[in-house]
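Consider the two complexes below, in which chain A is the common component and chain B and chain C are the respective partners.
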Partner chain A sequence: MTKLSTGKGISGSAKLDAVIALVLIAAAVTLPFMVESRYILGQIVLALFYATIASQWNLLFGFSGIFSLAQMAIFAFGGYATAMICFYFGLNVWAALVPGAIAAMVFSLVVGLACLRLTGVYVALLTLAIAQAMYLLIVTDTECFVMVGSICRQFTGGAVGFARFGDLGMRTLLKGQWLVGNYAIIATLFTVTMIFTYVVVKSPIGLAFRALKDDPAYAIARGVNRFQAQLLVFGISAFFTGLAGGFYAAHFQAIGPGVLSMSQLMFIIAITVVGGLGSFWGPLVGTIVLVLADELMREAGEFRTLGLGIIIALSIVLMPKGLVGRIGDLVRFLRRRSPRSAMGPQENAALTAK
Partner chain B sequence: MLDIFVSIIVAGLTTGALYALATVGLSLVWGSMGMLNMAHAAMLTLGGYVAFTASTSLGLPIGLGFLAAIVAGAVAGGLLYVLIVSNLLRHDKSTFESNVMIATVGIGIALENAILLTYGGQPLKQPLSVSGALVIGPVTLPYQNILIVAVVLVLMAIVALLLGKTRMGRAIRATAQNRDAAQLLGVAVNRVYFQVLVLSGALAGVCGVMVSSMTQLSPPLGNDPMLKAFIMCVVAGLGNLPGAITAAFGLALLEAFVQFVAGARWGFPSLLFVVIAVLIWRPSGLFGRAQIRRM
Partner chain C sequence: MMNRRAMLQGVLGAGAAGGTLLSDLNSQARAAEDTPIPVGSALPMSGLAAADGIEFKNGLTLAAEEINAAGGILGRPIELHIEDTKEMGADLVTQAMQRLIDRHSTPVIINGYNLGTNMAEMDVAADNDVIMMHYNTLISHNEKFKTDPDRYYGSFQGDPPEYWYGPGCLNFLKNLADTGQWKAPNKKIAIIPSANEYSIVIANAIRDKAKEYGFEVSLFETVPFPTNQWGPTLAKLRQDPPAAILVTHFLPQDLAQFMVQFLQQPTNSLVYMQYGPSLPAFREIGGANINGVLYSTVIGCLPDDYAKPFREAYRAKFGPTAAYLTGSQTYDGLWMWAIAAALAGGPGEPFNKEQVAKVAAAMRRNVYRGVNGTYRADPAGQSAYCYPTQVADPSLGMPHQFLQHQDYKTDAKLVAPALYATDSFVLPPWIK
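Coming up: the complex of A and B.
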């Protein structure tokens, strides 16, 4: 009985998800024709990066319950790896993207191995420390690795980072309209990431992730392999995060230690929390809301970070399930109220089970 | 040779004392409430700046400046309970651990930024510091370092007495051991939470004054000690006070030694390496006890 109703719930939501996805794709295709301003389009590309990173953090924490704070470190690792492959081996950016993502994945697997015996806040502390150590080692790197002209260049690029190692090729292809080309690429990246994430979340592996999150002891007792599942989720999320890092470096034609700063990590956490932890559309909703709020707060200038901090704290206190959770509550409330909902108890059960 | 050795020891002991103070504040809150206070760094910074304002703008004597920092930290801790923690405790208990962490991250950013907006980003000199040094033969001991170690030892003794001898301390320890049992036996658990956060805030205030007297006042002042304190908590096992103090001094000495031998930039990564090694060997910390969970 329960199995039947939850099964129905999932298929019902799959239909809804497909509709949402089609509407979003249609919107994404028409967007470059509607938006004239380069600034706005540039901000939208940036927002797509945030949404991609947040969706992978959501996979790691929201769905699998692994509170990793190394998300931006993995993103930076992918970006740096891509930039360094281009810079030191003279490869085309497109050829360096996948190796960069794989490097980020390997890094993440090592982090995952170190975290394997830990739970909860211990994972958070260790990953935060790893990210900080990476930042410090890059910023304090002053030893010359190669000489570029008369300028000394450190192996990690030091506090300046890497620039001018190539781009996505849109400038030569589309000339003045290159930003639209980059937008199309990043939007495709985001779409592919979301589709893959959806498949993972709905697959048996995704159920194993969730089981481990809800009750590790029971999940293990029922035969879920924690070692395998945890490494898998670290690997999957890191591949897409690292890939996004590579595209980020290629889009801005630069990568520096700034992406490792605490405020960037907080922005990603804020996006996921405001949108809704553990909900598939949460990171996207969170990105739209927070990027808009951020743009509005730009008027307030220096109060931006202050406002962001307060938004994080307030939204976790007022709506622990995020905006998507609140919308879900509202929809359920309205359905229960409306006379149409004289449906069978089965369907009501399906709705509440969701 | 001897003077180099002594200066490493002095530097290690002084930073160890500071780390111990930061660690105890964190560990106390974790041990009794299961709450990781990410706003601890900002509370540290707040203490340092309040002491600065009290003794420069208001011209209060040094003792009162110190007191102001303690009061500011305690008030911040109290507000944190009233505004955030008490509300989060009403939600689902299973999500409290991660929710409170994210919420305090937000509060920490907001507080640090508020300090930046009020005082500006340029480093300021902490007036609550003493100059001069005690010279014994080839060994030089700055008074500031002696003062820090002394103050920390006194505070540790006070905290130990509070926890060991008073009614409040018994309630805190009971809550830490078993929250539900304590509540059944009539301990007002919510009041205990409030007291613990106020106490930890006050300790953070003092710690902020001490840290800034060794370096300078700047808005991200508390971040470095807090990150190190996290590491020490993890090594010792979260919530274990004597273990935390031991780990703080031990790791600070190690850091000072590595910084001298291999250069300042390897201090932190070497600490990290130790932590990872310890965690792989003993996942609940050196002094932590593995918990057996019933299903």
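Coming up: the complex of A and C.
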């Protein structure tokens, strides 16, 4: 994925991406008509949340090289901000979603500022510390802020979190089919997030992100402003991550400190690594693979976690570029063995980049 | 017709409350089919609450066997289906419940407890028109039920909310002092919750009611969940020793560690803990250090003759260290629902609101005496009533049991409420 267009028009890479996107959108539209099970639809909604968060972490680390571990903290911030706006100000969830996402973005910018002078593992340590501090501040908040019935509620919701602050309105609108409505909303969120991410990655600022990741000293020497670029990527990724947090809270009608758990963060990282770090489609492929594998191993009891661990370990060892990278390698290998391949140099370049 | 004697004989013979009642209903039933009735349960079979998840499953297994031996529900046997809720939380638990409904068409889901769900389970039950009984022990169940009783008609909490631990515990301490069983060195109490809803709601309830019962809170310190590093907290306790230390954190291994570290330099304080001391791990890890520890539970198998067949059957089937105190919860839950389903003419199935509502109505109407005491649904919140703090009549409320470990080699002794007590309170060995 090196360029959006050439001087002669849309590149092969962009064409391939467009075809994949259209196929996926068509599949997403037909899905509710094929899936009758609420459980499966619910799992797909959950997977879309994972894919959205992972795609934004991929933008941060995969494309920009910033090893932030505050991704779930930003997601939680968006969810909490949305829930708190609804809870304390009585706003409709829809009205609170964008302010919640903006609050998450501001939080992320503060984190980004704190990380400006740091690189690599130090960014990871600081962001992880911020996430843990946020978790502890919430769960140790026991001071009564407001009474709800006979329950004493803390300002942050404390260890209990927030519930009953509203939903996306689909229960009222679609009655028994509310989950299909929520699916459509979350699928749209994911689509918009992916389109925006694509535009960013392909734009000059996306090139700047990658330049800073590949060789910071050279990029700065060529005029790339590290301060601006780093803050921008923190802000962009946080907006959609925070927005996803708001939708998550509205979908489940609850948000609690559990979303800040280390296992959730590890799952998001695993999705990105298995799918392909720095690959546009990687987070989606990783989500499909890991959620499917988790589902297929559901009956394996205690071996389920072990099985997931083995899949992740094997992916890292055997597919350092992730599944998308390995598929690209495979296609190139087959092309070399087939001299009459119809694929032109542009398609070849596109696969190399993926 | 069934008389009282026949019913009691049948109950004791089957080792379960309601056994004869169900047999009697079955003998009159003309079941149109004998296909199994799927019964679902979303339990934490892995993760930090796995030990309890296994006991909840055991309780269901035993109840299902007994119900099937009694002829099932109107001639149809029960078939259990378990889903793992792993680390729990709203997303995992609701998805586990939805899977049970989609995959097995379960008209009922009987859970143990699941943490961090914010009672999202009630929405799954409402959306799919199934009965959901759980033992989360949360006042938020009542609060959510009150927001829309018509929508949440199928959600039942099998025990009183945790809120009642607060006034119940203070009342117990006050009674010990008033009756001269304990001479409190001062009026101070230290409250130590951990960072989770159950623990904090109890701690807040104790804190908010302390003055009413003549106590003052000298320390209120929230510790991480889980935790076994008690040093900083113990240092504060030793600096300003209270009359009673009330630890509302509930994991048995952590509480045993508290006692091990506390006894290195004990203060003249009673030690009360929440839930964890009822589990075998507490005794196994703490050893002799746990002698004298008080704890209470608003739900747990009573040490009476009525529950004896259950206790014996449970340990015979699941081993001598199996925690029937935990398994008894889902055991009673399944029996209670089975009887209500039989009385209602069948369990129904998901989305059959008419029939499922009949089962729910039977559950609300019946007063069920199980191995944990009496379940009577509070119409305002659809949880059990708490005796003696909430209701004065023991036949209409589940007993808030206060137990004391007096010898770590044996089960804890029930010391209150007086109507159920088997032993008297003794001063802990560290109090001079």
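Here are some notes:
Convention: the second predicted complex is superposed on the first by the 322 of 354 C-alpha atoms of A that agree within 3 Å, B and C clash if a C-alpha of one lies under 4 Å from a C-alpha of the other, contacts with A are read in each partner's own complex, and residues count from 1 in each chain.
In this section, a contact is a pair of C-beta atoms (placed from the backbone, for glycine too) under 8 Å apart; a residue touches a chain by one contact, two chains touch by 3 or more.
A quick note: this is a predicted structure, and the numbers were derived from the prediction, not measured.
Of the two partner chains, chain B and chain C are each touched by A:140. By the touch criterion stated above, A:37 is placed in contact with chain C alone, chain B being left untouched. Of the two partner chains placed around the shared chain by superposition, neither chain B nor chain C is touched by A:330. In the superposition on chain A, A:253 makes contact with chain C only, not with chain B. Once the two complexes are laid over each other on the shared chain, residue contacts for A:317 go to chain B alone; chain C is not touched. In the superposition on chain A, contact of A:23 is made with neither chain B nor chain C. Once the two complexes are laid over each other on the shared chain, residue contacts for A:120 go to chain B alone; chain C is not touched.
In the overlay built on the shared chain, the residue A:130 is in contact with chain B alone; chain C does not reach it. Once the two complexes are overlaid on the shared chain, A:305 sits against chain B and chain C alike.
For the contact definition in use here, the residues of chain A common to its chain B contact set and its chain C contact set are 136, 140, 263, 302, 305. Taken in their complex, chain B has these residues touching chain A: 30, 36, 83-84, 87-88, 91-92, 95, 97-99, 101-111, 113-114, 117, 223, 227, 230-231, 233-234, 238, 264-265, 268-269, 272, 275-276, 279-280, 283, 293, 295.
Across the interface of their complex, chain C is touched by residues 37-40, 42-43, 46, 136, 139-140, 142, 144, 148-152, 158-164, 171, 176, 178, 252-254, 256-259, 261, 263, 298, 301-302, 304-305 of chain A.
On the chain A side of its complex with chain B, the touching residues are 61, 67, 114, 117-118, 120-122, 124-126, 128-130, 132-133, 136-137, 140, 217-218, 221, 262-263, 266, 269-270, 273, 302-303, 305-306, 308-314, 316-317, 320. The part of chain C that touches chain A in the complex is made up of residues 45-46, 84, 87-91, 94-95, 98-99, 101-103, 116-120, 123, 127-128, 139-140, 142-144, 146-147, 163, 193, 195-197, 199-201, 203-204, 208, 220, 222, 224-225, 351.
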